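The following pair of complexes shares a single chain, chain A, combined with chain B in the former and chain C in the latter.
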Partner chain A sequence: MTNTTNEINPSDSKNSPNALHELLFQLADDDFILAYRGSEWLGLAPFIEEDVAFSSISQDTMGHATMFYQLLEGVVAINANDLAHSRPLTERRNAILLEKVNGPGHYLVEPRYDWAFTVVRNYFYVTAKKVKMDALKKGSYKPLAEAAVKVNLELYYHILHWKTWFTQLLKAGGEARTRMIAAIEKVAEDMDGVFNLGLCEKEMVESGFIESEHSLKQQWLRLMNPILDELKVTLPPFAMKSGNGRAGEHTKDLEDALSTLKEVYELDPSAIW
Partner chain B sequence: MNEKVSSQQITDDGQYQRFIERIQAGEKIEADDWMPEEYRKTLIKLISMHGISEIMGALPEKEWVPKAPTLRRKLGIMAKVQDEMGHGQLLLRVAEDLMKPYGKNRENIMEDLFSGDLKFHNVFHMEAPTWGDAGLIGWLVDGAAIISQTNMLDASYGPYARALKRICAEEVFHAQHGESIIMALAEGTPEQRAMIQDSINRWWDALLMFFGPSDASTTGTSKQDITIKYGIRTKTNEELRQDFFTKYIPRMLSLGLKLPDDTMYFDTDQQKWIYQQPDWSQFKEIIKNNGPKSKDRLRLRKISYETNEWVRDALSKEIS
Partner chain C sequence: MLETKILEALQSVKDPEISTVSIIELGMLEKIEIDLPKLTVYLLPTFLGCPALEIIKANVCKAFENFKDLTEVNVEFLLSPPWTSDRITENGRKQLLEFGIAPPPQFITETGEWQVDCPYCGSIYTTLENLFGPTACRSILYCRSCKNPFEAMKPMANL
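And now, the complex of A and B:
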């Protein structure tokens, strides 16, 4: 996976290389860790049919992460695999919401995973991702704008999938609704971390890579409010309760995930696997 | 009254005769066609075991999905395990159609799995402690599956034959995926090479057992005669095992691997491989869910079933 084609166009990025790095790391790390969480669900989803569908979404998401890491290869001259597997906790830029475990237990031992949390996290995230991709498509960094077009094609199906689950489970009432409302509260507590663009936000916006955090969030609300209204759900205020992943703040959940996902890689990082 | 009963009897005999003739003529039997009880029961057992084995078979590889060492391998093994779940889904639907006259459905299949009445394939009770095992499963377990499933591609039961056709096409990709992992290890560092030899040693007996005992004298029962009689399969367990050796032993040797059975050789007079039998009493224990990982994997399935009960409840409410 060595880079050849993703030459940076100097006029696109020379004024704010840090802002571009930061943005690409945020995009790549978000998808990478969420796809990882999705892969832990394999074989454990509520239905065999859902296992197949969810796995397909996780693969797309891992594919998007790969695309963003490959864009970074050109910018920071480090191999995409190394970027994904070897960066320490404090260099990770994903939102903390996405690193949180799927529920109690380990993916191989007593996994009591929370489907409501998974549905809400994925639906809220993928809608935010859509808003971001729409902004990136119009952005000034060509390679990223092109990647956003490709990613967008697959998001249509992801959004439809999670929206269906979100709607059905809330409409079912009873225990399902109670669990979903609790999940919405839990996701809201850290949802601001997803919109957050980190310390370089101003530069990102000034360079025309992406729109501001505020604007992204407003668009998200415009998309989601009618759906939430119809389901009679009051959205709790968004926060960043567990910290700001964009600033390298992370939890034990990510630490554990990193040690699992690099277990084999680390046996010999220079070997060909 | 008496007359009526006897004419019913005659009709049944006629039906049985016609059924056998259809099979012998190579016609496909479909889900709604008349079929003898023994045929239906044999199919239900075979296909639900095959389906549940695909699903339980996803679990040993699933261990390695989050740990795959590169982005490409992560994507590859995710896709592979997804396919296996898809095979399970496809096969369980075929089995569910056959179970309908008994008023049974997927819930019953899951319950039978948990109670131990429904067995899953012996090979999926084994441990997969290294990344080498992740490669070996794709390369040799899927390789063995291709050999045994190809043997049923022309099965007399149409829905099963058609499902197998789709499955076999995907299994070919799985074997390539596994082989690619193994090749990278074989061409890698001494530690990586040692990883494959270690995996082969660990999986050897399970691979020999994959095709089942050569005859009932080994384990007391064998379904192979009934399945051959009804045109579901053609070759015997031993013939399939020999095919496996013929295909894979040369490949193992060309990768510089040492065969775990050093007495093994190809007898040119008899035109067959002579090898040491695995411990078939261990096989009996394994399929009784007393294998090294039987309990852990059943537990995973069961936890998922219990933890998600509220989801199934919610959806059944939503539909009604």
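And now, the complex of A and C:
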């Protein structure tokens, strides 16, 4: 490249390839790991209709991850399957909140998963995802703007679903409310990691791909505050207690999840399933 | 004419799970590009996570096996325009009903309510049991008149 002008052509991603990679990896990795965590609930959800609904949502979410990986295929020339399976822990860009286990125990051995944590994590996340998709829709990278329109259509039902659980459990009082409040505190401890846009934030915003972390968070609060007020819930301050996933910091939870996810891929990278 | 034959072939490609409805009737076909001997079929995915997409892709290619002029058939999924449930044709809605699935109701934005008639008895006394059904594009409902559970296609609108 000999052209070093500072001019930014909004439709040309080549001006800030790193920022675009980073953003796509964040979007893809977030959905990928949360869809996996959702799939671990299969057969364990509170009742059968929820089992059907949650697995459907997880399937949609994995579809979104696949689509973001496919958008990356064009930019980094690595196929989506390899992007999802072969990248080491330090290259993963998902928020740490989303990689955390569903609760104590193991899927196969005495799973004692935490439904309140799952409801809060998913509701807070899908609302943040909605805010991001709205920003991407107006963004300068056309393939991503188009993808965001498509994702938003499906997200409508996800938000409706988690909002129903969130509201009903908090209104129920008793143990349900106590556990929900505890879950809100736990999710808040790492919720900033979801809004975080990593080291390339400035470049992402300058290239017009997405709005700033601050702006996304403000919009999230605008959507959530009326609901939280009605439920008489005080939101604890958000933090990134477990580290910053956007910088490649991750926990053993992700390491374990990836080793399960990669089992088939490692046996036969060309397998189709 | 080749184009007519191509559309006929595409009409023979059905939803893998709803054998009466073709991908054209579902509104999945956006356009075709003929550049002999190459054909590109542009489809709109209904839901991004739909596992039937790969099957549909393979079935489209299979539908052109006997076309001597077309030696290369590509299927591409487009994200834009997004697929919405109002793309389902009149005939598609009829075929869905025949299969026992209520066609997607109109999306009523003000209330978020749907009005879905029972595909078996036509009653309007139906209730929504689960927004999410056996596949991403369907919901589960119940008819209070004939006491049958049934499925409906989810309304999808770009609001």
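The criterion applied here is as follows: the second predicted complex is superposed on the first by the 258 of 273 C-alpha atoms of A that agree within 3 Å, B and C clash if a C-alpha of one lies under 4 Å from a C-alpha of the other, contacts with A are read in each partner's own complex, and residues count from 1 in each chain.
Simple rule for what comes next: a residue touches a chain if its C-beta (ideal position, glycine included) is under 8 Å from a C-beta of that chain, and two chains touch if they have at least 3 such contacts.
The model shown is predicted, which means the values in this text are computed figures rather than measured ones.
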Query = Quick one: chain B and chain C on chain A, clash or fit?
reply = fit
Task = Report for A:Thr61: first if it touches chain B alone, second if chain C alone, otherwise both or neither.
result = second
Ask   = With the two structures laid over each other on chain A, which partner does A:His161 touch: chain B (first), chain C (second), both, or neither?
value = second
Task = Could you say whether A:Glu49 touches chain B, chain C, both of them, or neither, answering first, second, both or neither?
result = both
Remark   = Quick note, chain A centre (C-alpha) to chain B and to chain C: the enclosed angle in degrees to the nearest 10 is 50
Task = Answer with first, second, both or neither: which of chain B and chain C does A:Asn81 touch in the superposed model?
result = first
Inquiry  = Quick check on the superposed pair: does A:Val149 touch chain B, chain C, both, or neither? Answer first, second, both or neither.
reply    = second
Ask   = A:Ala176 contacts which: chain B (first), chain C (second), both, neither?
value = first
Inquiry  = Applying the document's definition of touching, compare chain B and chain C: which contacts more of chain A?
reply    = B
Query = What's the minimum Cα gap, in whole angstrom, linking chain B and chain C in the superposed view?
reply = 5
Inquiry  = On chain A, which stretch or stretches are contacted by chain B in one complex as well as by chain C in the other?
reply    = 49, 52, 56, 59, 62-63, 66
Inquiry  = Taking the touch rule as given, give the residues of chain C at its contact with chain A in the complex, in rising order.
reply    = 45, 47-51, 79-80, 82, 84, 112, 129-136, 140, 154, 156-159
Residue ranges of chain B in contact with chain A within the complex = 55, 58-59, 62-75, 78-79, 81-82, 85-86, 88-89, 92, 131, 181, 184-185, 187-189, 191-192, 296, 299-301, 303-304, 307-308, 310-315, 317-318
Residue ranges of chain A touching chain B (in the complex, touch as defined) = 1, 36, 39-40, 42-49, 51-52, 55-56, 58-59, 62-63, 65-66, 69, 80-81, 84-85, 103, 105, 107-108, 110-113, 115, 168-169, 171-176, 179, 257, 260-261, 263-265, 267-268, 271-273
Remark   = In the complex, chain A touches chain C at residues 49, 52-53, 56-57, 59-64, 66-67, 143, 146-147, 149-151, 153-154, 156-157, 160-161
